[in-house]
Amino acid sequence: MQLALFIVFGALALGGALNLLLQRHPIHSALSLVVVMMSLAVLYWSLGAEFLAAAQVIVYSGAIMVLFVFVIMLLNAGKEEHTQGSRVAYSVGFPGAAAIFCLLSFVFLSERGALQSSNIGGDLSSAVDNIAQVSATLFTRQLLPFEVTSILILVAIVGAVVLARREQ
Amino acid sequence: MVPTAYYLILAAMLFSIGIAAFLIKRNVITIFISIELMLNAVNLTFVAFAHMWHQVSGQIFVFFVMVVAAAEAAVGLAIILSIFRTRQTLNVDEIDLMKS
Amino acid sequence: MNPMPWSATFFIPLLPFAGFLINGTLGRRLPRVVVSTVALLFTALPAALVAWLWKTMCATGAPSSVESTIHPSGFDWINITGLHIDFAFAVDHLTLIMLAVVTGVGFIIHIYSVGYMAHEEGYWRFFAYLNLFMFFMSLLVLAANFLLLFVGWEGVGLCSYLLIGFYFKKYSAASAGKKAFIVNRIGDFGFLLAMFLLIVHFGSLDFKEIFSILAQNPEWQQQGAHFLPTIALLLLLGAAGKSAQIPLYIWLPDAMEGPTPVSALIHAATMVTAGVYMVARCHPLFNSSPLALTVVALVGAATAIFAASIGMVQHDIKRVLAYSTISQLGYMFLACGVGAYAAGIFHLLTHSFFKALLFLAAGSVIHALHGQQDMRWMGGLRTRTPLTFWTMSAGVFAIAGIPPFAGFFSKDEILYRTFTSPNPLHIVLWLVGLLTAGMTSFYMFRLWFKTFFGEPRFDESASLDLHGAAVHARSSSTLTLEADDQGGTMHSVHESSWIMLLPLVLLAILSVAGGWVGIPAALGGNNQIEHFLDPVFANGTAGEGIAAMTGHGLELVLAVISVLVALVGFYIAYVFYYEKPGTAAALAERNKAAYSLVKNKYWVDELYGAFLITPMLMFTRISELIVDHGLVDGSGAAAGATTRGLAWLTRKQISGNIRSYAGWLAIGAAAVIALMIFGNVLKGPL
């Protein structure tokens, strides 16, 4: 059953990504990204990261993508025109992207044995559930990064306000 | 019983599609969106490995990536707003002030 | 008197060097009196040291050649596997004679220069260079190994260049200095090759070691080893360059551009004798190769007669003396070539006296005539400058070989030894030497008559504007062309000052009496100088055996013949230039071709120019184009162009277009990932 879950939502994620690539209007791309994120949330859940699945839905697709949609609509971004782009990007970039993909899959496939298989659901340590485990580590061992990220968010808020202000 | 490698290959595919989108698209916001796609692919990789090693630190890292992605999206979009205000265009090819 | 500590010998070269440093660095700002005092002091002290050294050596007994070497304590000069060279001095009787000449005659000429150069600019420079020259020459003479000798050798060549080109603003002087140095270098090339061969075959450059190895291996000479004549001939090449023998004599006539004291010291008494000294010092090497000895004798004889023939038709008084120097040096080489090294050194000694005297007196004449050097415009100076006349006459008689003056004994000794040498060519060589003696007598008396006798022709030169040219030549350091207002007539010709006359008198005395140390047994003396040098040349004189056999009768006959030849030369000069002054000109008219050939120095300079220098200049021009402009400039330009091209390529990438940046990022990331995956393969055997 996990396989079916993986295939369905994996295909959904892939389809959303390709749609992002092929659509001309940015709003369509943004909404396709939302689809990708939702399917990824399901995949996280199947890998035993329930907290992250929830966070993905709430934070990523619920907040960040909404922000993107807001800005798209604010700026009234329209369809993309066909302008002459950079030849370098096509001639050098595509082989680069293809190369990255091929290299990574080569590594993953050749190490298939070492990578083993996944079990659906909590396999981390059956006594404690995922969110308890995450918070236990987050507030003890990773406390400093946690606090620093809060300052980071503060900085980001201030920066966003300053940058987006109208000139007076 | 899905082999972990499948998750990883899926993530690699999403990552390369993100790069391709970055290279093809002309709208600044769409390019930003493709960056988010790449980040998500990386998140998937982390979670898969966290599951494989039975460690939770992989998931912690995903947590932090999300936080940073949020901050980055906020600031980046603010920058795009101010660029739009001055240049009146969202076409990335026309934003080339750094040309030498 | 206390014996001299050996270590004091180091002051003999060091004192003049100190004088050079003082005059060279501070001399510009010092008053002339101080400059000349410093120079004279630092030349007189070494002379005194040499006298002390002489006394010490005579008292303690003569060491055999190069046995007493003096090392500075703890100073290792070159010490590598296979070669050990010390900064060492060696003193034997040969060194003593050379040192006496260098410091003694040097000191006398220094005194003269104080007067001669009194009005020249660059006074301090002159004395600084002279002191430097004394340093190098002393080093050359005292050296105990070839390398130290070579240091002195090169150094005197340098000083010669500096002093010939003393009036450096004059183009002919500067190019004469260049010519001297370059021709010297060609000789030095031979010297260097000889040194290399010595290292290869003997493993050392020390005189004592080389000569003892040579003595221990008589089979080398018997088997006719090739390297021995090669080394000797290469050394001869070096000596030919320094001592102006064929084919490297061409620099010496041009060197007369330098001030007259320079010509006297360097190009008559000391530097040019360095070649003869070196051949004498290396006599075991030369004796081991009869071929080399014959070549030495032939070169000496040929040079002697060749130079004498040119000297007969020169008009410049200094040129005559220059060719005469070359000719007399040829005699010294002839002496060495027949194995009579002591005779050669004896002639070196007497020649330094009378040649220095002749040059200094000529300088006095030129000084009196306000710079006129052309003998055609001289004459009648006997009454106007009497002391110069008498002293120069002593020199002229000495060089012509009239007894009892100095030159007679030394020249006669050489001719006698040539005649009695076992060399198959001895008769030819003797005839050449005899003929040259006649020619020498002729051209020296020609000079004598033209300068001091007859009607004064100096006044005519003023009207022909040659006088202006003479003034130009005299004060050529400042290149002023203004005519000398108060000169121009015989009334203004006067004797030189006492400071210039005193050296002339000293040298005249030496020219008269200097030969008396070598009166041969045949004429009643006991040939002191030969016996003095016996420890040095004990195994060297090849002609001694025959000399003892033939006895005194032959020697007397030969002496009489050479005196007769000298007197014939005197008579011919008397007829040509005193009794019937037009004879020479008429003779020249009738044999125009021969006269022109000799007058133009057999066109040797022009031949060298056409066959050697022009091709070399063409070659340098070609290589300048190919190597200099093509390779050197080209590679520089190519480096620049490459950088510019690469920069242009790189700059094109900074387009400001984000997508192109992203493209490069992607490919870069792929490369990094590939390196991470497959990098371990590259580490391989590490």
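By letter and in written order, the chains are A, B and C; residue numbering begins at 1 in each of them.
Note that in this section contacts are C-beta pairs under 8 Å (C-beta built on N, C-alpha and C of every residue); 3 or more make two chains touch, one makes a residue touch a chain.
In this text the structure is predicted, and so the values were computed from the model without any measurement.
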item	value
Which of A-B and B-C has more C-beta contact pairs	A-B
Of all other chains, the one whose Cα centre sits farthest from chain B	C
Approximate Å spacing (C-alpha centroids) for the pair chain A, chain C	95
Approximate Å spacing (C-alpha centroids) for the pair chain B, chain C	89
Mean-CA-position distance for chain B and chain A (Å)	7
Set of chain A residues in contact with two or more other chains	85-86, 89-90, 93-94, 96-97, 100, 104
Touching two or more other chains - residue numbers and ranges from chain B	19, 23, 93
Multi-chain contact sites of chain C, meaning residues that touch two or more partners	655, 657, 659, 662-663, 666
Residue ranges of chain A in contact with chain C within the complex	85-86, 88-97, 99-100, 103-104, 106-107
Contact footprint of chain B on chain C as seen in their complex	651, 654-659, 662-663, 666
Of all residues in chain C, those that touch chain A in their complex	653, 655, 657, 659-660, 662-670, 673-674, 677
List of chain B residues in touch with chain C within their complex	19, 22-23, 31, 92-93, 95-100
Of all residues in chain A, those that touch chain B in their complex	2-3, 6, 10, 13-14, 17-18, 20-21, 26, 29-30, 33, 36-37, 40, 43-44, 47-49, 51-52, 55-56, 59-60, 63-65, 67-68, 71-72, 74-75, 77, 80-81, 83-86, 89-90, 93-94, 96-98, 100-101, 104-105, 108-109, 111-112, 115-119, 123-125, 130, 133-134, 137-138, 142, 145, 149, 152-153, 155-157, 159-164, 166-167
